[in-house]
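After this come two complexes, each holding subunit A, first together with subunit B and then together with subunit C.
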Partner chain A sequence: MTMFVSDWQWGYDGWIVVITALVAMTCAIPGSFLLVRRQSMLGDAVSHAVLPGIAIGFLVSGTRDGGWMLAGAIVAGLATAMLTQVLRRVGGVDRGAALGVVFTTLFALGLVLIVQAGDSVDLDPSCVLYGQVELAPLDVVVVRGIEVPRAVPWLLGVLAVTFLSVQVLWKELLVASFDPATAAAQGGRPNLMQQVLMVLVAAGCVVAFEAVGSILVVSLLVAPAAAARLVTNRLRPMMFIAMSIGVVAAVGGHLSALTVPGWLALETTDVSTSGSTAVFATLLVILAVLASPQQGLLFGTFRRLALRFRIAEEDLLGVLYRREVESRGLGQPTGVHLSELGGGGPGLAFRGMMRLAAIRLRWAGYVTPFRLIPHPDQIKLTEAGRVRATVLIRRHRLWELYLAGAAAIPLDHLHATAMDLEHLAQPDLLASLEAEAAKSVHDPQGREIPRG
Partner chain B sequence: MPVHHRHRNPPIGPEHDPQAALSIHDVTVAYHRRPVLWDLDLDIPRGVLAAVVGPNGAGKSTMIKACLDLVPRVSGSIRLLGDELAAVQGRIGYVPQRETVDWDFPVSALDVVCMGLYRKIGWFRSVRRRHRNAAMEALDRVGLADFAGRQISRLSGGQQQRVFLARALVQEADLYFMDEPFASVDAATEEAILEVLRSLRDAGRTVIVVHHDLQTTRDYFDWLVLLNTRLVAAGSIEETWTPENLRATYGGRLTLLEAAGWAMGTAGSGQRRS
Partner chain C sequence: MSDGIATIFAMGTPSLAVASTGGEDFLRILLLQDFNTRVVVAGAMLLGAVGGVVGTFLLLRRRALMGDVMGHAMLPGVAAAFLAVQALGLERSLPVLLLGGGIAATLAGLAVIGLRRVSQLDDDATMAIVLSGFFGLGVVLLSVVQSSGGGGQAGLEDFVFGKTASMVTSDVVVIAIGGLLVLSVAVLFFKEFRLLCFDDAFAASLGRPVMGLDLLLLSMTVVTALVGLQAVGLILVVALLVIPAAAARFLTDDLRWTVAFSSLIGAVGCWLGVTLSAAAPGLPAGAMIVLATAGLFVVALFTGPKRGLLPRWWLGRSLRRAVGRDHLLRSMLECREVTGNGEITAAELMMNRSWSRGGLSGLLRVARRAGEMIQIDRDRWRLTDRGEIEAAAMVRNHRLWEHYLLEYAHLAPSHVDRAADRIEHVLDPVLVRRLETELGALVDAGPPASPHPLADETPPGDDVVAGGNES
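Up next, the complex of A and B:
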């Protein structure tokens, strides 16, 4: 660490990262469930609505640690759910609107309470809203002879309870989230499970409010889960990945809080770990959007380009083969003009693609002459190229045969459709195609179907 | 003038027929004070494959949900397998409409089928290998053994419907409620589902299906419930499948096409059954 950050101190910065990471893991667990239930914004609402609970807990106990604030927050979290329900049932208010009214009201109430309390006790609105994890390592207790920040044992406890609750109630939470009606029909108490989830979210919000504050906690509830959802299709791995992403966000967030202001040559050294953790978590979501193997932009673009490239290659081979058959015995050159390739037209991108395809084919030994950058107008098939082209032409004509016979497509529509279909190379599909047209020697236009 | 066949049901009174698979007495259900089911009296015997048929908004799904206590009822009482729901919950299977769940949910087909065993497994316990094996067998029965590990959004609509069916099968219930299991599935899937339903009935179980396709009703089912907010008629398909009853059920809403479909179903049934 000292390689990157000159003033890193394990006894201080290390604890900040540990605290933020524990918070992120605690939030990622209910956050994953909220995401797959499409209730992520409920996390936002609860994180704000717990504020009066925290404030009352603080006013009652007069201290900043402990069960009072947790209890207050859980009550406030459940009150959010219940008040929202009441507004919907009695007033017929839309679910989103009801939630919006309830959580902003509770949040405002919490702010009033905190400002009122500010005169008598040490509770500062800005530390509640934005967190003050920078001060957490300074408030230590001694556990088994080791000085640890007061927050750490407390956070470990909440994380353990959250994790164990989800572990024990896994299948009940799963079915209540996926199919509440069937869960209810089986006696699975989906509403109770929703309440359990609200309690876990509220608990996550309480522990998070010191680290990232009550406004940014939603980033730890939502962002790691959203990123994890992009890289896996199963809920259990998703939860563990979300927890790991939360840890990465905590490490990256604090490191960037220490380094980025320096890179930007900012005057201030007063950095906010909570803010940079939230930003870093969002960066991880963007990274997942780009790099996710299933839905990722990068992989998707790469796959599409690779496919277009293969199609260009195969089209070029097909044209060369047809030209060769047409000019057989006439002694004419068997080169090919780009205009014969159709499809993409003479646009620059298309020409470039064809040029690349020609180069690729030459390197693979499918066309001659051997030149560093062969021009598509002047190339001819080699023996290997002829073999590969024969396979393609056979596929093309088999498709035409099938389309004309089984699908009754008019003759003049066959070529274009077959041009698309001939690029499909799934083995089982090709086997069925061969079986469909096993005995035919000629295609619908009377041309020979070459033996592949 | 609707033709009521109330006389087919036992006389109105607090007693339920203990032999009936489903016995509904004087049930009314209302959404926002508008009744969707009105004074429903109904008995369905055990071991039948029963269709619940009626126009849109007739309360077909609501009837099933009322039986499972998923919607509050204003009045009336319901007995399932001769008992209160709470006493027999483990013997009741439910297949909701496919659109009621989010198919992007990150679970596999096998995970969903395992959900049918959750009640049997019990609270706080986890799914074991033998449960997964049972779920695999159910998937195999609906022809989806090869798709067990696939995330459910990557299944076709018909396959998703069969996953739901497998989840119901694995429950080994005695009474099944299925809400439109044939909705928008291809012909092959429809055939596969029907085969499973018939094997359930042949094993002595009762299957109650909300059905929307008048053309196939007569061929597929042996018991019929015609519903349009009130009960229009209920009984064996031979006795209940009459033009008068259907007209009473659909009223002016039976379009020409539906009438034609009904006619085709009746005409075709003799040939297909032989």
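Up next, the complex of A and C:
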């Protein structure tokens, strides 16, 4: 760590990262379930709505020490979920609106309570909102002779309880999350599972209250889970990946809080760690959106481009072959005019694509002459290129034969359809195509089907 | 404008300037005798009305929580505008901060739409991610503002929690301009929005620019949320966009009236909230506005004529009563057919149909009051002449339908009772006459014979099935 930040102190910054990471892990577990249940905004609502619970717990006990506040927050969290359900079921209110009504009301109630009690107790609503993880390491208790921040034992406890209850209820939670009707039919209790989840979310919210602020807990509930969801399709790995992403966000968040202002040449030093953790977590989601192997934008775009590239290559080869056959013995130049390729039309992207395809073909040794940047107009097939083009043309004409016969497509439509289909290269498809057209030597238009 | 700015960046006063204890002062507030009070009340009510209008469209478009996302997303914009103004050494001004907030909120709205397009995350997840990302950035910028010691962070806090009570004339002017803008757009495009909310595919097929209308609605939300910052702060501004609209849905089905009621509820809620907060010192006005509006929501939830709980319960109750009365009369006749005795005990009725004991005695009481039955002694009941006619009609309807089902739907005799049990209450005279002609041979005057054994003669199991839905 000291390689990034010169004045890194393990006794202080280390604890901040540990606390934030514990919160992130605690939130990632119920957050994963909320995500697959499409209820992520419920996390947002609960994180607001625990405010009156925290306030009441605080007023009753008069201290910031966990128990009462935890209980109050859990009750408030459950109340949010239940009131929302009631408004939806009994009142027929739209889901988003029901959430909005409930949590804003509870949040306002919490604000009133806090302001009312403002003189007697030290609970600042903005502290609840933004959190002050920077102060957490200063508030220590002694456990077995070691000084640890007071939040750490609490966080460890809640994390353990959350993790264990999810492990114990795993199957039932799983079924209830993906298919409540099946769960109910199998004697499961999807409604109870919803409540369990709410308890876990509320517990996460209240332990996060001091560390990252109860608003930013929504980030740790949704962002790691969403990033994990983009990487995997299975719930259990997703949960563990989400927990690790949460830890990464905690480390990255604190590091960037320390370093980024320096890069931007700001003179300030105490940038909110909870805020930057939330931003970092969001950046991780964006990273996952871009670069996830299965669902990421980059890989998807890459795959699409690669396919288009292969098609362009094959089209070019096919046209070269046809031109060669036509001009056999006439001594004409054998290049290809782009206009012959049809398809994409004479657009810039199309021409660029063909240019690239020509270069690629030349490098692979399918066409000559050996020039650094060949133009499609000035190339002709090599022996290897001719072999590959023969395979393609054969495929094209077999398709035409099949389409004219089995699919009864009129003659003037054959070519365009076959142009699309010739790029399909599944072996069994080709085998059955071959079998279909076993004895034919000519395609429907009377051209020879080359032996591949 | 300058006095307004001064107030914003001063410490927000917790309650109305005139606020203090004592009934006399409360009356002054209620009667709007101070200019200051009038300004605050006017601003808040205007805001509530605008929020109600925009909220209705958002709710019907199922985007109720977009207001939430945008409200939160304003924080980084406001803080960044603050920092930019500070860095450039300009004088801070409200419009610049609002502009920053508006840009950030618009970006957030676009980010939600974009993220939903490019990833497979659902609506909830994309909204929560954008919300928390923007808000996190806002908290970071806020901490930069605080540590750079501009001394203006108190003003920024006002944006988070609102500062209704210290609104001044210029703030109300800002609200009025924004509000009128939004309202006129809503009136101008009312037809388009109605189409968009109820059937966007149809709107698209008519050539309406659905995307453009959505963006228009988005920007109306931004403007509302911006001016709402003044009153309730960026977290609670969602309440003004959601609660009045959700409440108005209980009152009416007509979109015009929904919009009208929604803005009325918003305005009244804001007035109530401001008044309450002024009446008791230390009650934050923004939170009180939300609580007052929520109170109106609860009232609408229970009493709203269209979907309210009480009217719906009442309707259900009268329906249950009418059905129960029909069943009772029919049971009386059926019992008489079985026993041959016109005086029926409650026990016999219990055998005929599985009533609950309390339900049966309630029905008996209602029937006696309606003059359809008389109580002979403690336990025995008899139909009056009027009851006799009604009961005969019920039994006749029931059995006609049973015979019809046997004849034309080819149901087994054991299955017709329950079907007829449900339909008998809604057979109108025209239909009954048609049934009579269809079944001509089977009917004369008086109820036809039952095609199946009556309840007392069958094993008890069937009986339960036949009358199981009686309460």
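By our rule, the second predicted complex is superposed on the first by the 449 of 452 C-alpha atoms of A that agree within 3 Å, B and C clash if a C-alpha of one lies under 4 Å from a C-alpha of the other, contacts with A are read in each partner's own complex, and residues count from 1 in each chain.
Here is the rule we use: contacts are C-beta pairs under 8 Å (C-beta built on N, C-alpha and C of every residue); 3 or more make two chains touch, one makes a residue touch a chain.
Predicted, not measured: the structure shown is a model, and the values here were computed from it.
J.: Quick check on the superposed pair: does A:40 touch subunit B, subunit C, both, or neither? Answer first, second, both or neither.
T.: second
J.: Just to be sure I read the superposition right, which of the two partners does A:184 touch: subunit B = first, subunit C = second, or both, or neither?
T.: A:184 contacts subunit B only, not subunit C.
J.: Would you sort A:115 into first (subunit B), second (subunit C), both or neither based on which partner it touches?
T.: second
J.: After superposition on the shared chain, which partner residues are touched by A:100: those of subunit B (first), subunit C (second), both, or neither?
T.: So A:100 only meets subunit C here.
J.: Considering only touches as defined above, state whether A:9 meets subunit B (first), subunit C (second), both or neither.
T.: The answer is neither, since A:9 touches no partner chain.
J.: Per the contact definition in the header, classify A:229: touching subunit B only (first), subunit C only (second), both, or neither.
T.: In the superposition, A:229 contacts both subunit B and subunit C.
J.: Applying the document's definition of touch, where does A:432 land relative to subunit B and subunit C: first, second, both, or neither?
T.: Touch partners of A:432: none, neither subunit B nor subunit C.
J.: Check the contacts made with subunit A and report whether subunit B or subunit C touches more of its residues.
T.: The partner making contact with more of subunit A's residues is C.
J.: Look at A:238 in the shared chain and tell me whether it touches subunit B only, subunit C only, both, or neither; answer first, second, both or neither.
T.: First partner only.
J.: Classify the contacts of A:171 with the two partner chains as first (subunit B alone), second (subunit C alone), both, or neither.
T.: Touch status of A:171: first partner only.
J.: Share the list of subunit A residues that count as touching for subunit B in one structure and for subunit C in the other.
T.: 38, 92, 229
J.: Using the touch definition up top, name the residues of subunit C that touch subunit A in the complex.
T.: Touching subunit A: residues 14, 59, 62-65, 67-68, 72, 115, 118-125, 127-133, 135-144, 147-148, 157, 160-161, 235-236, 238-239, 241-243, 245-246, 249-250, 282-284, 286-291, 294, 297, 301, 307, 309 of subunit C.
J.: Can you list the residues on subunit B that touch subunit A in the complex?
T.: Subunit B reaches subunit A through residues 32, 65, 68-70, 86, 89, 92, 94, 96, 100-102, 105-108, 111-112, 114-115, 118-119, 121, 123-124, 126-127, 151, 167.
J.: Which bits of subunit A are touching subunit B when the two form their complex?
T.: Its residues touching subunit B are 36, 38, 92, 168-172, 174-175, 177-179, 181-188, 229, 232-235, 238.
J.: Can you check the complex and tell me which residues of subunit A touch subunit C?
T.: Against subunit C, subunit A makes touches at 35, 38-44, 48, 87, 90-94, 96-101, 104-105, 107-109, 111-112, 115-116, 118, 125-126, 129-130, 213, 215-216, 218-219, 221-223, 225-226, 229-230, 257, 261, 266-272, 274-279, 281-283, 285, 289, 295, 297.
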